[in-house]
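Two complexes follow with subunit A in common, the first pairing it with subunit B and the second with subunit C.
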Partner chain A sequence: MLWVDKYRPKSLDKVLVHEDVAQNLKKLVTEQDCPHLLFYGPSGSGKKTLIMALLRQMFGASAEKVKVENKTWKVDAGSRTIDLELTTLSSSHHVELNPSDAGFQDRYIVQEIIKEMAKNRPIDVKGKKGFKVLVLNEVDKLSREAQHSLRRTMEKYSASCRLILCCDSSSKVTEAVRSRCLNVRISAPKEDQIVKVLEFIGKKEGLQLPPGFAARIAEKSGRSLRRAILSFETCRVQQYPFTNNQVIPPMDWEEYVSEIAADIMKEQSPKRLFQVRGKLYELLVNCIPPEVILKRLLHELLKKLDSELKHEVCHWAAYYEHSMRLGQKAIFHIEAFVAKFMSIYKGFLIATFG
Partner chain B sequence: MGKRETIVLSSSEDDGDCNDNDFASKSILKYFKQPKSGAASVPRTNTKGPIPKKARISSSRSHPGKSSNPFDEMKEFCEDFGEGFTGFKVSAGHKRDNKELWVDKYKPRSLLDLSVHKKKVEEIKIWLEERIKTKNNNHYNHVLVITGLPGVGKSATVEAIASHLGVTVYEWNTPTPTIWQEHIHTTNAGLRYMSKLDEFENFVEKIRKYGLISSSLTKEPQKKPFLILIDDLPVTNGKISYGRLQRCLHLLVQYVCVPTIILITDYGRSDTADYTSRCWEELQTSLQNAGAFKVAFNPITANSITKMLSRICREEKLKTKAEQIDAIAKASGGDIRNAITSLQYFNLKSNSKGIFVNSNCLDDGYSLSCGRDETLSLFHALGKFLHNKRETEKATTSDSLKEEFTRLPMKMDVPEKVLGQAHGQARPIADFLHENVLDFVEEEGIDDAWVVASYLSDADSLLASLNGIRSRSYEAENLIQSTAASVAVRGVMFGNRHPLSSRWHAIRRPVMWQVEQSQWRNKKEMIGERCVGGYNGVSLSDLSVIATEWKPVSKWLGGSMVDNNDCDLDHFEEICDDDDEIEDW
Partner chain C sequence: MAPLLQSSQPWVEKYRPRRVKDVAHQDEVVRVLTNTLETTNCPHMLFYGPPGTGKTTTALAIAHQLYGPELYKSRVLELNASDERGINVVRTKIKNFAAVAVGSGHQGGYGYPCPPFKIIILDEADSMTEDAQNALRRTMETYSKVTRFFFICNYISRIIEPLASRCAKFRFKPLSEEIMSTRVLHICNEEGLNLDSEALSTLSSISQGDLRRAITFLQGAARLFGSSISSKDLISVSGVVPQEVVGDLLASCKSGSFDSANKQVNNVIAEGYPVSQILSQLFDLVVESDDVSDEQKARICRKLGESDKCLVDGADEYLQLLDACSCMIKAFCNMPEGYSN
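This part shows the complex of A and B:
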């Protein structure tokens, strides 16, 4: 088992970061009925961990006995029936699913399937909780239509079912949904918190950590705890005992993006733009989300950029990130950003060096 | 016979004129009798007694009072009618001098008459000469394939060259198609049905093995050179029969020892989505691979068509204006047969109604009620957009635009019109432009590249807005589609300020489609893997997290992740199986 899973805190009492949130959640479910919840925060901050711990708090250990189900749902959509394949993770008390997997058909999942699940009241064995919990991941990726139907579902079946929504950014969730939930913001853990966790794991695994090593990993992780633990384990596999100047292996796609950035800085021409497009395709094929690519690319470019250009470049990155969201094919927009950057940068080079 | 028919038409009028009170009864009788006489038992008896009809009519006219018995006259009329009927029928196949189709009348008789490009004619002529001179020489391949759009003169060229060289043409006669009732009838009669493809196969096998069968030849078969013309390949439907046709033609190409010419009509590239037309293309290449010599005819140039049409006008002594001829030539789209027919029709109209000729000057010259709609292939249109040819001089317009926004006038129709002609849909157009446009931007023009890219990005956003309103309003969808296409096309043309001089560029198929497919496949795979539990013990994780973190790390960590997979493995495989059905574009 990966360390990330192995050292995942199982109960709300054992969490190492966000203790305050955990305690509040515990109070919430023990003292009174639980409202709909919306967890949001950057990736790797511990949303899932908290949700799992919360479920355990609500239903006891049986919430951990889950089974994976891959089922094809037949949804009646007006004149035709649509087959939707959906993977769910369920225990006797909760169902977890990713409605956005269905792409543009996600509204059928929300309208029909979730309704179906929400309608069926669980057989209440101990008379403890009269509801079922639905955990919906990646709510921010849902289309607008799907979010609208989600709103209705939330109201209609609130007697028998609680929704726990989970997403990276609450800004992409509609107001209506947000206002129906108790919003729980999970911030990214601070670096010293990450160091604390890494040291805890190191102690449990019986590893010798050179001073400052955990801090380096934490710094590299970009305040993502999962990322930090993953690279910690990678380092362990690559070289042990740790040395202080050991290289922390970066993710391969990140290296690739920085390669692209270097290409862009080196030459600004349509031909180069075309080459860059090829490399971007490579990333997209590997399912790296285009937003992540764009963000990372901007990050890499800004590193090498003169400060007077930074503002403008950021502006355009934001502009094309927005149009990417409106649009359909990400490559059009990423490429437009790259072209714009090239054009700005070339103008700058000519102006300064003639 | 032909003469008679014209008289019948006038005769009924004459009768009406001279004999008013008879007319009513006659016309009633006409209605009664018409079907009977139409049943064609009358004409046969009539033709036996060849009384010149004119005489009879004049007799009826000169003695209107004498034929007191109306029944007689009625009978007479019926006969007239029946006769006229047959006369008409026969004359349909018969040639009359002034009402003949001009397409037949001005069929090229000699090589000089041909409007086809000289080189192509020469090529075919040389090919045929070689085959005739060196008889039974097996070094050569004896099959020539001529391809081209309809009406570019494939058959005419072959016939003209053959008559020039004194070669007899033996043509494969397409059997008449059997209709279902007929089929039932003949099978009841005990005859076996033979498909047209079977017949064709038999024919091909015969000429392949024995050359021409003697029975089909005239008395002195070997003296005169001959060639076999296959103009009308059997229509195939479906893969199996198409495969048979291909095989049989392939054999023909390889083994036949007499000169054979196969004509294949190309259909417009615009409907290549159609399976059959793709078949024809495949067939051509397979014939070429088998060693056949291929000559592809291009559409006839507007100039040659104009020349031909003016010649006809001269010979027919018509006063058709030069612009009109030009308009017809242009509208025909390189189809000379169509052009000639249009001309005939055009003049027919202008004779009967004078209005048509001198008025009706619409903005684009003459409004032609005939001719074909011009179509363009998608690639042709894309080429136009990408090459972005412009005039060298600025048109003198009142320039209210700033310098940086002005562009030289385009050397083509309005982009929207071109799009319409190419049946271009916004999405594929945008994809193709995106894929190819960078090849056409000059090396220094990164600013241009940005302008182009930004317009394409806008077009994409427009197209994406379709998703929400789909199936709600077609009109809105249409509007968005065409707007998006305009934005994409005009953006590309506006943005690319200094297009590269026209070198030869192959237009690529968008790589994006491929990328999307494999992305989709990978995504499905990840969704499948997610459930294995290898990545994230008890919870489903986001796809993006899997792609950006779990996957790369799993490469480093290798085997250590696999321990708790076994429980769900069979499940995983089941998911993988579904992945194969990837939609083929």
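This part shows the complex of A and C:
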């Protein structure tokens, strides 16, 4: 088991970061009438861990007995019937799913499947906990229609069902949905908190950490706890005992993006653009999200630029990411950004050096 | 069974008004509807306004008061965005429902007015496609004698003109501080909570006219902090962006350094603050600044508007905020606008 999973705290009392949030959550569910919750915050900040610990707090150990199911639903979509495939993770008290996986058909998931789940009150022998929880991940990726479809369901069946929504970017959740939840912000842990967690794991694994070693990993993690733990484990595999000058390995894809940035800075030509396209495709087929690539590329380029150009380059990055959102094919827009950058940079070089 | 059901409902549902006259603030609608209750006649209606202002509540309340629990099912059809509402449904489901005539007169009214028409509530109507709305026009006309339509939406501009023009329109305003306080105090009374006047006014300012939000904050604060709730407690459950965060961001833009602004932006994102909220707070700060010229303000406000629109389209929060900050820096330093093409 990976350390990220092995050392995921199981209960709200055991979390090492966000202790305050955890304690608040605990109080929030003391009564049965807790409102719907919306967890938001950057990826790797620990939302999922808190949600799972919260479920355990509500339902006890049985919330951990989950089974994964891959089901196909037949859904009546007006004139025709469509098949929707969806993976769910469920215990006797809760169901977790990723409705945005259905892409542009996500609306049907919400209208048919989620509504059905919300309607049915679980039968509990003890007559206690007469409601179930639906955990919906990545609600920020849901289409507007799908989000609207959630609204009445959240109100109508609130006696039998509680929703826990989870997302990275709360600006993408419509106001009507946000208005129906208690919003819980989960910030990315600070570096010293990450160090604390790494030291805790180190101790459990019986490892010797040279002074400042954990801090170096934390610094490289960009405040993502998941990432810090992953690279800690990679370091362990690559070289132990740890040494003070040991390299903290960067992510492969980030290396790759920084190569692309160097390529672009070196030469601005159609030929180079063509070469870069190949590399971008490589990243995309490896499932690196296009906006993540674009942001990383911007980050690398900004490091090398004059401040005057920075304004212009960040503007076009924002511009092309927006158009990518409205369009279909990510590669067009990333490539357009690269081409734009080349033209700006070339113009700058000519103006400066003739 | 019933009491258990009650207690597991969040407060927003528990305190949803059941009668039209309990709906706070929306006097105009309430007057018309109370009239309806007496004369048993009403026009088609269109309710619009921001979330949590009582639109759905009002529509459901009037329907219940008109027909009572017995006849409600056969006389009222509620279709909301959680139901499939493509053209087909509009054509068949609504037609089938509307076509079955209701007997005239007050037969079996059980003490309710029971007017001789049916009500079709189309909640969240702004999420219906234009085609589906168009299909509705005919239906509305055909059955206008025996049905009344209630459209409910947040944005009236998403309802096609031919439909909107057939309805009496009611705007549900964000609730004023005073009205909100009255309702909140009522709940505090029922739940045995203590709120001082400062906390009350904080609650209405952070919920920005959305009563549902106010009730949720109140319940959250009650669970976390017990029965005496201060203004600080409410702020901490509401997750509003602290003013210092936005102030620091603005200061770094004023300093003219791209890198320091970038650092602040990264921090905002890592803390998980909603960028849409940051933009609106930036807007307030900039507009109120004394040391910013009108021209600079205009430049900045235009950009903030554009960025907000991009966010609505689903653009990335980091990139949009960075772009907005870069534009502010340029405005503060009076650098020329625009970019090379």
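Rule of thumb we're sticking to: the second predicted complex is superposed on the first by the 352 of 354 C-alpha atoms of A that agree within 3 Å, B and C clash if a C-alpha of one lies under 4 Å from a C-alpha of the other, contacts with A are read in each partner's own complex, and residues count from 1 in each chain.
Please note the rule applied: a contact is a pair of C-beta atoms (placed from the backbone, for glycine too) under 8 Å apart; a residue touches a chain by one contact, two chains touch by 3 or more.
Computed from a predicted structure; not experimentally measured.
> Could you check whether subunit B and subunit C clash or fit when both are placed on subunit A?
Pair status: fit.
> Tell me which partner A:K119 touches in the superposition: subunit B (first), subunit C (second), both or neither.
A:K119 sits against neither subunit B nor subunit C.
> I'd like to know which partner A:F274 touches here: subunit B for first, subunit C for second, both or neither.
Touch partner of A:F274: subunit B, not subunit C.
> Identify the partner contact of A:K303: answer first if only subunit B is touched, second if only subunit C is, both if each is, neither if none is.
The answer is neither, since A:K303 touches no partner chain.
> I'd like to know which partner A:R144 touches here: subunit B for first, subunit C for second, both or neither.
In the superposition, A:R144 contacts both subunit B and subunit C.
> Should A:A336 be classified as contacting the first partner (subunit B), the second (subunit C), both, or neither?
Touch partner of A:A336: subunit B, not subunit C.
> If we overlay the two complexes on their shared chain A, which of subunit B and subunit C does A:L326 touch? Say first, second, both or neither.
Both partners, subunit B and subunit C.
> Please work out whether A:I186 is in contact with subunit B alone, subunit C alone, both, or neither, and reply first, second, both or neither.
After superposing on A, A:I186 lies in contact with subunit C but is clear of subunit B.
> Classify the contacts of A:K71 with the two partner chains as first (subunit B alone), second (subunit C alone), both, or neither.
neither
> Once the two complexes are overlaid, how big is the angle at subunit A between subunit B and subunit C (Cα centres, nearest 10°)?
The C-alpha centres give an angle of about 90 degrees at subunit A.
> Quick one: minimum Cα-Cα distance, subunit B versus subunit C, in the superposed arrangement, integer Å.
5
> Touching subunit B and also subunit C: which subunit A residues?
Dual-contact residues (subunit A): 144-145, 326, 347.
> Can you name the residues of subunit A that touch subunit C in the complex?
24, 27-28, 30-36, 40-42, 45, 76-79, 108, 110-112, 115, 127, 130-131, 144-145, 148-153, 155-156, 158-160, 169-172, 175-176, 179-188, 222-223, 291, 294-295, 298, 302, 307, 310-312, 314-319, 321-322, 325-326, 344, 347
> Flag every residue of subunit B that touches subunit A in the complex, lowest number first.
Touch residues, subunit B against subunit A: 430-431, 434, 438-439, 441-450, 452-454, 456-461, 463-465, 467-468, 511-512, 515, 518-519, 522-523, 526-528, 530-533, 536-553, 555-558, 560-561, 563-564, 568, 571, 574-575, 578.
> Under the definition above, what is the set of subunit C residues touching subunit A in their complex?
For subunit C paired with subunit A, touching residues are 4-14, 50-52, 56, 80-84, 86-89, 123-124, 126-127, 154, 210, 212-213, 216-217, 219-220, 223-224, 237-239, 257-259, 262, 269-277, 307, 310-311, 313-320, 322-323, 326-327, 329-330, 335, 339-340.
> In their shared complex, at which residues does subunit A touch subunit B?
1-2, 4-5, 8, 43-44, 48, 51-52, 64, 66, 68, 70, 85, 87, 89, 96-98, 101, 104, 137-138, 143-145, 226-227, 230-231, 233-234, 237-238, 249, 251-253, 268-271, 273-274, 277-278, 281, 284-289, 292, 320, 323, 326-329, 331-333, 335-336, 339-340, 342-343, 346-347
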